[in-house]
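Two complexes, one shared chain (chain A), two partners (chain B, chain C).
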Partner chain A sequence: MTTSPADIAVIGAGPAGLAAAAAARGRGARVALLDSAGRPGGQYWRHRDGHNPIPASLRQDILAGHAVWHVEVEADGFVLHTTAGEVRARTVIVATGAYDRQLPFPGWTLPGVFTAGGAQAMLKGHGVPVGDRVVVAGTGPFLLPVAAALRHRVTGVFEAGSPLGFARHPLAVARNPGKLVEGARYLRALHGHRIPFHTRTAVVAAHGDDRVHAVTVARLDRNRRPVSEREIECDAVAVGYGFTPQLELPLQLGCDTRLDADGSLVATADEWQRASVPGVYLAGEVCGVGGAQLSVVEGAIAGAHAAGARPRRSLLRKRAALRAFAAAMHDTYRVGAGRPADDTIVCRCEEVTVREVRESVVDLGATDPRGVKLLARPGMGLCQGRVCGYATACLVAEACGRPVTAADLRGLAARPIAAPVTLGNLAEGVEDA
Partner chain B sequence: MTTFSFDGEEVTAEPGQSVGAALLAAGYRSWRTTRHGGAPRGLFCGIGVCFDCLVVVNGRPGLRACLTEVRDGDVVSSQEGAGRDHLAC
Partner chain C sequence: MDVLVIGAGMVGAACAYHCAAAGLRVTVLDRGGVATGTTSGGEGNILVSDKEPGPELDLALLSVRRWRILGERIGADRLELEHKGGVVVARSAPALAGLADLTGRQRACGVDAVDVTAGDLPALEPNLTRDVTGGAHYPQDMQVQPMLAAAALLRAARDLGATVHTGTEVRGFLFGRDGAVTGVRAGSGDRAAGWVVNAAGTWGGEVADLAGAPLPVLPRKGFVLVTEPLPRVIRHKVYTADYVAGVASDDAGLETSVVVEGTRAGTVLIGASRERVGFDRRMSLPVIRELAAQAIGLFPFLADVTLLRTYLGFRPYCPDHLPVIGPDPRVPGLVHACGHEGAGIGLSAATGHLIAQTLTGATPDLDLAPFRPERFAA
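For the complex of A and B:
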């Protein structure tokens, strides 16, 4: 299926993509808004019943069920190869978002252990709580809405960092009073449901045979070493250590990337949200994890500029304030590599252990995650390193005695095919060749 | 209500639910075993990223239960390994 090219193709219909599409359309551009899911909204806006945040003006532009698996650069624009056919556009705005970042611990592969975002998706998207005694753990402000939504089903929230770290950033907080109110509202909700909120505490192991029935939590000392462990019974765990931006398409396009303050690989955007590749814009978590509000602002800037208009100054001011808050957040909720025991599984797909990763460096001489991937197979399985990429990079760098670099993360994030495709998808378009 | 079968048992789901969400609501936690260790797996990321929740629907293996919308009368079954052992030689 090939239709006439759009002016602008927006990839991802979450907060950033919807804002970008609305801004571009508002300035007269012909927009195609693509999303892999059957409904727009992304991971943030999940609307099961009736409630729909999508502006009516955009509905005709939405191409749902279009998972973009490759973007090709042509002389006068781009060809987007999707699971539902090709889409052509002169300009592309990448707004593919992010997913939960994980740090492996013994037992994290047990059924009943979920990502924090997965627990939220099950509850808000499908009306199903992941358990009746849920341990919420990891780091970052996202743990709060997850726990608040599960309410009385939460046994406790175990935050590896401490929100008190925001005290080091009074200006960033003062510029975003709404964030403070939001945080306080969630903490009040936890208090109302009598959910204990522990700081500087982490889940260090999950226990069970064919499903999780308990976790070991540990207080962390100043060097993040576990002290004073105890076991807690539970029937589910929701865990996340921040987010990993979904960078397949920017990397395919050859966009410049950098290591952000939270340790994530992100694509580099200029003041108008342009990537380093002409005709490509970036909005939302792909250019730095900062939450839905920041994503909306970046999307509005990208959409307006891509449509040939000058984005409003107020948007640029808002972006600056929200980015200052994101920087304070990353500093407050720093994520270390963790120190998982040797027999902990790192790569869930290929069942590769910490020991095998370390041995690839120490005994076999690998010097980067790509080398370790070829020797021990972490990141070679079904998810293609999406889940274990960050942890593998951290473990390899640690074994090499150096910090993680952007190149380490790039090596595990580059995927020539960004979404699962059938042979039929690949065969499509061959007749044109 | 939507009704489907999972490994021979009847399961009900709400319209629009994914296979994974419906199985979770029915009390199931795992429906796949890993290729190497034979370890049980079910939902993990819930949004199509991790591929842990692979399931066989109407004879087709390798579908992500978290993304596959359940339809009335679907025949769902557990997946062992890659779910294509019949192709192995």
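For the complex of A and C:
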């Protein structure tokens, strides 16, 4: 399928993409809003049928089921190669969002261990709770809505950091009173369901044969080392250590990237949400994880500017306040890979252990995650490092005795094929096949 | 005497290992990491099948023998060395006639080449297209996992006393009064050496320039496609008879002649494109589309298989498609082991062995004259 070129193609129909498309359309641009999923909303607005929050004005612009697997730059715009055909546009707004960041611990690959986002998606999208005695663990404010939604099914929430860290950032908090109210509301909900909320505590192991039946939780000292452990019975675990922005398309386009405060690789955006590559805009988590509200504001700025209008000053002020809050949040909930035992699996696709990663450095002389990937195969399997990339980078950097760099993460995030495509699909249109 | 090897890729690793095993004191320098250059951009071919009779085939036959020895010494598992054999497929009467002519001449040189009828090909490769006119089976063709093989040889060299310094770029050479090389100027300081081996692969020309002994080594870009993991559905290294013509071609434009094979990890690798576009790292959709179409032509079931990723590399080629191996008479102390084009993994074992023989004063198993560095002088 090849249609006439759109003025603006927005990739990703989550909060940032929907806001970008609405802003651009409101200023008269012809918009194509692409999403890999069957219906818009992204990870955040994941509603069941009949609960669609999408404005009617946008519905005709939405190309659902269009997973973009490659972007080509041409003289007068961009060609988006999708699983449902080509889409051409003069300007591209990348709003591909983020997915759960995972850190390996013994037992994390057991059935019954979910990502926090995965557990939330099952509940919001399908109405299915992941278990009846769920341990929610990891770090960051996202654990609260996940636990609040699962309500009485939650055995306990184990936060590796502590929200008290926000006390170090009084200005950022004061500029975002709504965030404080939101957090308090969730904590009150947990309290109402008698769900214990533990800080500076992490799940360090999951136990079970064919399915998780218990976890070991540990109190963490100031250096995040486990000090006292106890076992808790459960039938499911929802773990989230923040989010990893989905950067395949910005990297394919050659956009500049940087290391953000939360340790993620993000694409660099200017004040109008423009990437370093002409014609490319960025909105939402791809330019820094900050939540749905920030994504909406960035999307509105990107969409307006891409359509040739000047974004309202109030949007810029709002963005500054929300970014300050995001920075405070990242500082409060710091993430490190910890020191998982040697036989812990890092890459579940290829079943690569922590030991094999460390040996690639120590024995075989690898000096960066890409080298380790080529020698020990973490990130070589079906998920192409989307799950294990961050943890691999942390483990390699630790084995090399240095901090993780942007180049480390770039080496694992660059994927010339951004979404699965069959060879038959690829070969379509080639003569003399 | 001390040997300094520039390049920690497959050829540098083989040189380091063989020199260390011959009792020489070896230091390896690489500006990047272990096996992160062209070694990481290939498929790990150890082929005799794709070579016309001549010096390169002689080198390949020696290398097959040396790889067997390496497999025994270091462990085939640690190299992921597989004696999988190659199958060449002809899909027209002229192609089959050309292939039969080639196998006849290869057999005369000692290659184990078996002509196979169209009816017998399915027994070798059950999932191969039936639209074939015949083929040939080459039991000597092998495969290694190239990064693992290079890292394992460097590890073995270290066990024999060699030292490996990654992230260390050579910026210049040091010369004695007589003009002979006495060492290199590296990022980490000067390093003395009796011999400096240029195993810088595609960047071998740059290193040769630093020593004042130019070599015409240029990049020839190639893509490889990697599918999702599958059960063992492709048993050999399978390619079309056009591949031999592509390898030897002097055409500057894009050429694709497909090579398809399974790996131990279950993925299927699909190569090989050849383009002379300098060090252009950009993805090229037309190239990978063409490779996908050709692979489906050989194995129709691949149409429904998912592409997982693509990667690319830059083969180091010389105008006559032969590598440069041996001492450089223009600069005493400088020794070359580069320019192996797309066959560096396969030819590395023989190259390292011959370099070690040369540096220890032994008579090389093969006449190095066809590979001499000064052959390009106008």
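Definition applied: the second predicted complex is superposed on the first by the 427 of 433 C-alpha atoms of A that agree within 3 Å, B and C clash if a C-alpha of one lies under 4 Å from a C-alpha of the other, contacts with A are read in each partner's own complex, and residues count from 1 in each chain.
Following the convention adopted for this analysis, a contact is a pair of C-beta atoms (placed from the backbone, for glycine too) under 8 Å apart; a residue touches a chain by one contact, two chains touch by 3 or more.
Nothing here was measured: the structure is a model prediction, and the numbers come from that model.
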For this session: Would you sort A:Glu350 into first (chain B), second (chain C), both or neither based on which partner it touches?
Result: both
Problem set entry | Touching partner for A:Thr91 - first (chain B), second (chain C), both, neither | neither
Exercise. Which holds for A:Asn176: it touches chain B only (first), chain C only (second), both, or neither?
Worked result: neither
For this session: Could you say whether A:Ser36 touches chain B, chain C, both of them, or neither, answering first, second, both or neither?
Result: first
For this session: Tell me which partner A:Leu382 touches in the superposition: chain B (first), chain C (second), both or neither.
Result: both
Exercise. Taking the superposition as given, does A:His81 touch the first partner, chain B, the second, chain C, both, or neither?
Worked result: second
Exercise. Touching A:Gly118 in the superposition: chain B (first), chain C (second), both, neither?
Worked result: first
For this session: Look at A:Leu423 in the shared chain and tell me whether it touches chain B only, chain C only, both, or neither; answer first, second, both or neither.
Result: second
For this session: Figure out whether A:Asp363 sits in contact with chain B (first) or chain C (second), or with both, or with neither.
Result: second
For this session: Name the residues of chain A shared by its contacts with chain B and its contacts with chain C.
Result: 350, 381-382
Exercise. Can you list the chain A residues touching chain B in their complex?
Worked result: 36-38, 43, 48, 99-100, 109, 111-115, 117-119, 121-122, 125-128, 130, 210-211, 348-351, 381-383, 386-387
For this session: Could you pull out which chain B residues touch chain A in their complex?
Result: 14, 16-18, 20-22, 24-25, 29-30, 34, 36-37, 39-52, 54, 66-67, 69
Exercise. Which residues, counting only chain C, touch chain A once they are in their complex?
Worked result: 8, 33-36, 40, 147-148, 151-152, 154-155, 164, 166-167, 225, 227-229, 265, 267, 270, 283, 285, 288-290, 292-297, 302-311
Problem set entry | chain C-facing residues of chain A, complex | 70, 72, 81, 252, 350, 360, 363-368, 370-371, 374-375, 377, 380-382, 384, 415-417, 420-424, 426-427, 429-430, 432-433
